[in-house]
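Chains: A, B, C and D, in written order; residue numbering restarts at 1 for each.
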Amino acid sequence: MAQTTVKIYTPTTPIWCPGCGDFGVLASLKKALSDLQIKSKDTVIVGGIGCSGSIHNNLECYGIHSLHGRLLPTAVGVKLANPQLTVIAAGGDGDGYAIGAGHFLHTLKKNPSIIYIVMQNGTYGLTKGQPSPTAQVGYEGNVDLPFDAILTALSIPSTTFIARGFSANQAQLTDLMKKAISHSNSNEGMGFLEVLSPCVTYNDTYKEWREQVYDLSTEKDYNPHNRLLAFTRVSEITNQGKIPTGLVYSGRVKSLEENTLSKEKGPLALQDISLESNLPKYEQILNDFR
Amino acid sequence: MATTLEQQKPAEPMLKQDICIMIGGQGGDGTLTVVNLLGSCFRNIGLNVYDARNVLSRIRGGHADGVIRASTEQVLSTGDQVDVLVAFDEEAVQAAVNELAPDASIIFDSSKGQLSEKFGGMGLRVVNAPLGNMAASKLRRNIFKNTIAFAILGRLLGLEDDLLIEVLRSRYERRGKEALDANMQALSLGSDLAKQNNIRSIYKIPHSEKSNKILATGNEAVAYGFLVGGGRFFVGYPITPATDIMEWLAPRISKLGGVVKQAEDELAVINMGIGAAYAGARVMVATSGPGQSLMTEGVGHAGEAELPIVVVECQRVGPSTGEPTKNEQSDLNHVVYGSHGEFPRLVIAPGSAAECFQLTVDALNLAETYQLPVFLLLDQALCQNSESILPFNLKSIKVERGKLLSQSDLEKIQTYKRYQFSEDGISPRSVPSLEGGQSQVTGNEHNEYGLTSVDTTNRLRMMSKRMKKVELAKNELPRGNNFGRKDAKIGIIGFGSTLGPILESMEQLKSKNIGVRFQQIRTIFPLLVEDLIEFSDPLDKIFVVENNYQGQLAKMIRSALGRNERIESITKFDGTSFKPREITNAISTSIQGKLEMGV
Amino acid sequence: MATTLEQQKPAEPMLKQDICIMIGGQGGDGTLTVVNLLGSCFRNIGLNVYDARNVLSRIRGGHADGVIRASTEQVLSTGDQVDVLVAFDEEAVQAAVNELAPDASIIFDSSKGQLSEKFGGMGLRVVNAPLGNMAASKLRRNIFKNTIAFAILGRLLGLEDDLLIEVLRSRYERRGKEALDANMQALSLGSDLAKQNNIRSIYKIPHSEKSNKILATGNEAVAYGFLVGGGRFFVGYPITPATDIMEWLAPRISKLGGVVKQAEDELAVINMGIGAAYAGARVMVATSGPGQSLMTEGVGHAGEAELPIVVVECQRVGPSTGEPTKNEQSDLNHVVYGSHGEFPRLVIAPGSAAECFQLTVDALNLAETYQLPVFLLLDQALCQNSESILPFNLKSIKVERGKLLSQSDLEKIQTYKRYQFSEDGISPRSVPSLEGGQSQVTGNEHNEYGLTSVDTTNRLRMMSKRMKKVELAKNELPRGNNFGRKDAKIGIIGFGSTLGPILESMEQLKSKNIGVRFQQIRTIFPLLVEDLIEFSDPLDKIFVVENNYQGQLAKMIRSALGRNERIESITKFDGTSFKPREITNAISTSIQGKLEMGV
Amino acid sequence: MAQTTVKIYTPTTPIWCPGCGDFGVLASLKKALSDLQIKSKDTVIVGGIGCSGSIHNNLECYGIHSLHGRLLPTAVGVKLANPQLTVIAAGGDGDGYAIGAGHFLHTLKKNPSIIYIVMQNGTYGLTKGQPSPTAQVGYEGNVDLPFDAILTALSIPSTTFIARGFSANQAQLTDLMKKAISHSNSNEGMGFLEVLSPCVTYNDTYKEWREQVYDLSTEKDYNPHNRLLAFTRVSEITNQGKIPTGLVYSGRVKSLEENTLSKEKGPLALQDISLESNLPKYEQILNDFR
C-alpha cells in the first residue's frame, strides 16, 4: 500500500470455529508471503468453497472465490493471463479431491506455476461433517479407503513440487509454504502442498495426527528428488500408520507457461489489444480466407 | 476395363446463373474435397458460393455428402434443388433423390455396377463411370476417384481445363510433389474419360473477374472476430460443431501473443476462462449443447461475480448427445433461462458469417462494458457452411473495455470497491497487479468490497444493480435486420442460419404475390421488444421460423408481444436446414387456409 | 455473582392461542436446541408448531437465530411478529427488532452487560440475565446457557416444571448420563433464577391432550415419501439445504434393503442415479441450485434415454454460490427450461411437509409411468422448517411402475424394442437380467431398438413420441389447491413455502374486507392451463407471489394466460420468507392505488 | 436367447475405420464373454462417448450409452442396483481420463465390482484427432507429459485389479479380459484394463507400440501382488521407453457392494417395493417423526 493512497477493503476475521486447523494455515501463509516480500498487489488467492475456502477474505490481496471444486482451473486461467502474479489456490479436501478430483489430476499434469494449498481435514466442514475423500474408514459411515493425494500426485509424471504440512507445526508449514511459493514464482511449475488441518467440530484429529506425523526431513537419506524412492518411502511410512510430512518431492519439468505463453509480448492480460497496434497482423491473417 | 459412359439427353448448354452440385458417398470418400475444389473454381470465375456438409458422427463409412451452390448473386442457403449429383454409391442417389431437379445430371460411380433402373425414367441424365475402379487400377488408391469426378464435373459444367489444373495445383502444391502428381494424373484420367465418352457441357456457367470476396464459415468468422476484437485467451474442449473455432485459432493466436488452451473438460473451460477474464484478458470459450450444459454453473458464476466472458454456443441436434453433426436451434431456452438463480446475461445471434465476425467483436465489447457473460448463439449450419462475403471490414472495429481501470485511474480513487454501487450499476474494475485495486471477487452474495454478506438490504441493492445492467445494455445490443416491404401484412421472424432460406423464400412468396416483411432477430435476450413491436404492429400474421420442436423463439415472442393468435410457428427439427420452398409452402398453405376460411 | 433480573411490567398472564418465540445468538450457541425443546413442550400440550431457522453459511459464530411458533390452529409460517425473544447478544436484539411485537418480552443474556438503553422505551419487557456467565461458572460450559434460557422461558410461558423436565430428559437420555445430568442441573439453575427473581408467567398457553400429530420438515417428508414410494436407491452430494434428505435416509433405507450413496460430485450423482434407474431401481437424487446446474446435462440424458428419475431441487438464494442457507424460489426457469435440446420433463412443487410426502410418491410414480425425469421443486423454508401435521397416510399410497416388464411379460412379446412406437408414446421397459429384453439405451437419437439413427423420419417420430408424454401426463399431475371465496375478483397464485404466508394474508385481507381466491400451484411444468383459466377467468386482478427477482412464475403464467395486464408480481428476494403482512400490504396497496385511480 | 423366442436387435457393424484398434478390443471382449459363458441377458455394457464408445452396439447384450465421461458413475449405478450383473464400462481415453478423470479416481477408490476397459489411442478420435491426456508430447501441439493411468491407478490404495493390453495381441488381451471379468464377477472389485488401441486415422501408433510393448509376464520375478514393487517396476520400464503390458497388479480390498449392499434382500432393482410387503417397516420408521 506504499505507492497509493487508495483505501481498500479490510480483511475479515476468519469464520472458523475456535481451534480450527485453518487458523494455522492462514498464519503460515501470511508469514510466508511477508517473509518472501510478495506484494499484495501481485498476489491472487483463489478460494474454494468450504470453511477453508474463505481464507482469501482474511488477508490483503486480490482474491477470487471460485465455484466448489473449480479453484484450480480458475487459478490456471489467472496465471496464463498474467504469469507475473503469485497465484495461490487454497481450498478444502472435499473441494479439491472430490468434486475437483479431475482438475486436480489435470492441473498437476499441466504443471502451471501456481501454488495449491489443500486444507485436509477428512471431512466436509461447511456442510456439517460428511466424509470427504480423505476420511478415515468408519468416519460417518465412510467405507472407502482414504485417498492419498501425495501418492497420486507422485504418480503424475509432470509433478514438480509435492509437500505435506501440519497446521499445528507452524515452523515446518511456513517453511514448506515458502518453498512452494518460491518454486512457483521461479516459474518451475506447480507447488502442491497438502496441509493436515483438523476440523475440531466434526472430525477432531489433532490428537491422532500429532502422534502420526512423521517429518521426512528427519530421515537422513530421504531423497526428495527421486520420484520412485519418494513413492516407495511415503507408501511404507503410510502403511506403518504414520503420516509423512515435509518436502516429499521436487523435480524439474517444464511449466505450463513455459510451454504455452509467448515470451515477447508480456502478460496477455496487459497487452495492447487496440486495433491500431495490431492491424498489420490482422490483415495478414485475413489472407487465410482468400 | 470397360467404362460405360453415356449421356442420355445431349442438349445445348444451359445458362445457369445459380447452380447446385452435390457429391455423395461414404464418410472418408473425400466428398468434401470435391466441394472445396469446385468452390475454388467458382470463386475464380467471380461467382458467389455457399456450401454445406452432411456427415455422420463417425470418421469413415456411412453416408456423407457435400453440397456446393454457385451463383452470380450472394446466396446463404443451398437452395431447393440439386442440379448435378456425383454419387459414389447408390445410397447417395437414394439420399439425394428428393432434392434432385427434374432435369438433374448424375455422375454415378459404376465400379460396382450401373445405377439401378429404378432411378431411370425420372428425366434424370445419368453418366455411369467406374470412378473408383479407375482410380484403384490406374492410381492404386481409390481416393483419387474424387479428382476424376472433379474432372468430369468440370467438363459437364463447361469449366476450362486450365482452371481445373490451377485449382488442383494450388490445393496440392503444399502437400508435396507426390500428392500433386497423383492428383494431376487423376485429373487427366478424368478429362480423358470425359473426352473419350463425348461428355459435353450441359451447363454454361457465367464467368467474370475474380472478385475480392473471401470465403468463410461462421466458425471461422467468429474466430477471426475474436482476434480482431482483442481476444487473447481462448479455452476449449473438442465438440462438434464448435471445435473448428479452437482449431482455427490455435496456429494464429500465438502470432498475436495470445493463447489457445485445450482443457480437460468444459467445467475447466468455463472456469479457466473466468480466471483469465478476472485477471484482465479478453476471453472467449466455445462449445455445443452438451458442453454448454456443463458450463451452466460457471456462466451463473460469471454473472454473480460480474466477470466478462463470451461463450459461443454452436447448437446441434439435442437433447443429450443427440445428433452431433446435424443442424438444430434448440438451445435458446437453455442459454436464456439455464442456470440456477438470477443474473444478467446477453444472448446474441448472428445470421451469416459476415455477422459472425461483427457480432463477435460486439459481444466482446458488451461483455467487458457490462461485466457479464455474453452468449453468441450459432447453429451447426451457420458454424460450418461456407459463404462468399466481402472481406471483413477492419476499419469499423473498436475495442471497448468499459470501466477497466489502469494504475493511473486508481490513483484518482479514494476508496476502491469492486462492486461499488454506481448510477448505472457498473462498477470500476481493477485487475491483479494494480496497486490500490485489491479486492474480493466472489460468487457468494457480497457487499461492495466483495466480502460475503447476507444483509437483506445489501442483497436487494446488489441484485438490482446486477439485473439492471441488462436493461442498460439494450441501447447497444445488435438490432434486428428488417427485409421486405413495409406495407406487408404478413411477417416472418427468424434468426441464425434460417436467414438464407427465409430470404429466398421471400422471393418465392413474392412471385406468388404474397408480400412479406422479415425481421432477422440478432439479440435473443433480452428481446428488443420495441423493435419487435414496431415491426409487428402492422402485421396480421407473423410466422416464426426456427429449427426446433417447441417453437422456442415463438414462445418468447408471444410472451413479449401478446396477441398470441397472430403468431404461428414454423418449425423443423429433423436435423436438416430449411429449404426455401418449405418455408414458402408452410406460409402459403397457412394463408391459403385462412383465405379459404374467409379470415 | 450478581444477577440482574427485572421484570418491568408485571401483568396478568395473557392468553395466547398463537405465540411466536425467537432465540438469537451466535452460530454454535445452540439456539436451535432451544427451539426443539420448546417444540416438544408445545406438542406435548396439544399445540401445533412451526419453526424456522436463520443461520449463516458457517459453523460457529455470526448471527444465527431460530423461531418457533405454537398455535391451536395449524400454521405454516412464523407469522408477522415475535412475542418472546431470547437474545444471547445484542446483535440478536438488533436483528429481531423489526419483528418484535410492541409488547414483546426479551430474555437478554447480560453476561457482557445489560441490554443497551436504546431498546428501552419501546414498550418491550426486558429480562436481563447473565445466562452465559452462569453456565460457565456453575457448569463449566457456556453452551448450557441454552437450557438455562429454556427454564426461564418455561416460566415466562407458564409451562409446568414437569413438562420441561420430561422434554429435557427425552432429548438427552440417549446422549448419556453426563449430558443428561448437566442439562438437568442447568434447568434447575434457570428455574431457581426465575424463582429468585420473581419471574412470573406473562403468557397463558392453552393446554390440551397431546395430539397424534407428527413433526416434519419438508426434507424429512420427502425422504420418508421416497421410502414409502418404493425408493431404494438414493445418491447425493452434500449441499445446503438438500443434505438433510440424504442424512435422514442413510440410517433408515438400509432397513429396507436400499442404499444411500454419497458420490464424488453432482455429475456422478445424476449419472449413478441414471445407471441405477436403468437397471430397475426406484431412484431419487437431491441437490440445490449449484448442484442442479451441474446435473443439467444428466437430466437431459434421462429425458432422451427415457429413464425414470426423481430430482429434488432444494432452492436457496442464487445465483452461483449465493447465500447457501437462505430462502429463495429462483430456480424455476432453470428446472423448466435448463439443459440443451428438448426433452420431456415434469416439475412438481409441494407447499407443505404433508404435500412433500404425497408428491414425492407421485413423482416416483410419474417418473416410472412416463419414463422421464421429474423435478420435485422445494425451497429452503419448505425444506428445513418443521411443521405439525397429521401422520402421513400410508393407506393411500400406491406404487405404480408403468410399463415395466417382467420376464413373463417378455415371453408374450414377439420383438422387443426398447423405444417401440406405441399409441401413447410409452414403450415397454425391460431391465438387465431379463431374457429377451436385451436392447440399447442411449442419449444419441436412436431408432426403436435404441441403435443410433439420424434418419430424418425416425427423428421426427422419436421427438414427437417423447415430447407428447408431457401432454399425456397432464391428467395425472398434481392439480392446484384452491382456497378462498369463489366470487372474489382478486386472486393470488403462489407455490412452495409461500403457501403459509399467503393463507394467513388471506385472513388479514378478509378483515380488511378484501375477498381473495388463491390457487396454490403444484405442477409448475407443464402448467395446468385449464385449471389456471378456470381459476383466473372471473378475476380482475391476479397477484403472483414468489421469492425471486424476476417474477418467474408470473412470467410463465402470463405467457400461458395472456391478458398480461391483469397479472401483477409480488416478489421478495432478500433471502427471507414472506411475512403475511407483506403480502397483505402489497395487495391492499395495489388495490387501493387502483381504487384511487378510479380503476 | 435359448429360453425365449423374443426377437431382439441385431448388433450393428462397428463404425470404426478399417484397421482401428477397437476391432481387436471387440473381438477379445466377445471371446472372453463367450469363453466365460456370461449370459447376454446378464451383461450390461456401458459405453462412453467417442469412436470407442459405440462398442456396446456391436454385440448382443444390454447396453447403455452414457454421457461423455460419465460411463463410470453410470456403471456403478447399474452395479449397485443389481450386483448379479456383469457390468462392463468401455470407452475412450478422452472420455475416461480427461472429462472423466474425477470419476476415474473415485471409481477406483470405491472399488465396485465392474470391469472398466479404456481404449487408449492418445487422441480424441471421434472429434478428429485432438490430443487426449495420453497423447505423446508434440502430438497435435500437445505440450503435457502423458498421463499414465496405470501408475495413477496404483496410487489409489483401494485398487484391486490393474492391467494393460494391446489390441494387436489378442491372446494376451483375451486372457486379461477374462481375468478382469472373473475378478469382478467374484465380487472382488474393479477390474481396470487399459488397452492400447491405435487410432489409425489420427494417431497411428501401431508401429511404435509393437516395438514398445513389454509383457510383464515374461519377467520371472515380477510379482503382481505387491503394489509398491509394481509401481516401481512399471515406472522403470516406462522410463526406459517401453510400455508394460499384462497383469500389473491384483490385490484384495473389500468391494463397494460388499461394503454397501444388504445381503438378505437381493438386488434392490428386483425387490418387492409394494406398500403391502413393506408396511410394518414403514410404520416403524414413521415413529421417528413423533
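What we mean here is this: a residue touches a chain if its C-beta (ideal position, glycine included) is under 8 Å from a C-beta of that chain, and two chains touch if they have at least 3 such contacts.
Just so it is clear, the structure is predicted and the values come from calculations on it, not from any experiment.
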Between B-D and A-B, the pair joined by more C-beta contacts: A-B
Centroid spacing, where centroids are CA-atom means, of chain A and chain B in whole angstrom: 41
Averaged-CA centre spacing for the pair chain C and chain A, given as whole angstrom: 38
Whole-Å gap separating chain A and chain D, where each centre is the average of the chain's CA atoms: 31
Where chain A touches two or more other chains, by residue: 54, 65, 67, 69, 98-99, 101-103, 105-106, 133, 260
Residues of chain C whose C-beta touches two or more other chains: 56-57, 264-265, 290, 297, 301, 305, 320-321, 442-444, 452
Overall pattern in which the protein chains touch one another (line/ring/star/complete/other): complete
Contact set on chain B toward chain C in their complex: 56-57, 288-290, 292-294, 296-297, 300-301, 303-305, 315, 317-323, 325-326, 328, 330-331, 333-334, 336-343, 442-445, 452, 454, 456-457, 459-460, 463-464, 467, 548-550, 555, 558-559, 562, 564, 573-576
For the chain C and chain A complex, residues of the former touching the latter: 28, 56-62, 237-240, 243, 247, 250, 262, 264-266, 290, 320-321
For the chain C and chain D complex, residues of the former touching the latter: 214-216, 220, 224, 227-228, 230, 232-233, 235, 252, 254-259, 261, 263-265, 267-269, 271-283, 297-298, 301, 305, 391-392, 394, 397-399, 410-411, 413-417, 431-444, 449-452
Of all residues in chain A, those that touch chain C in their complex: 15-18, 49, 51, 54, 65, 67-69, 94, 98-99, 101, 124-128, 130-131, 133, 141, 201
Interface residues, chain A side, partner chain B - complex: 1, 3-9, 12, 39-44, 46-47, 54, 56-57, 60-67, 69-70, 73-82, 84-85, 102-103, 105-106, 260-262, 264-271, 273-275, 278-279, 281-283, 285-286, 288-290
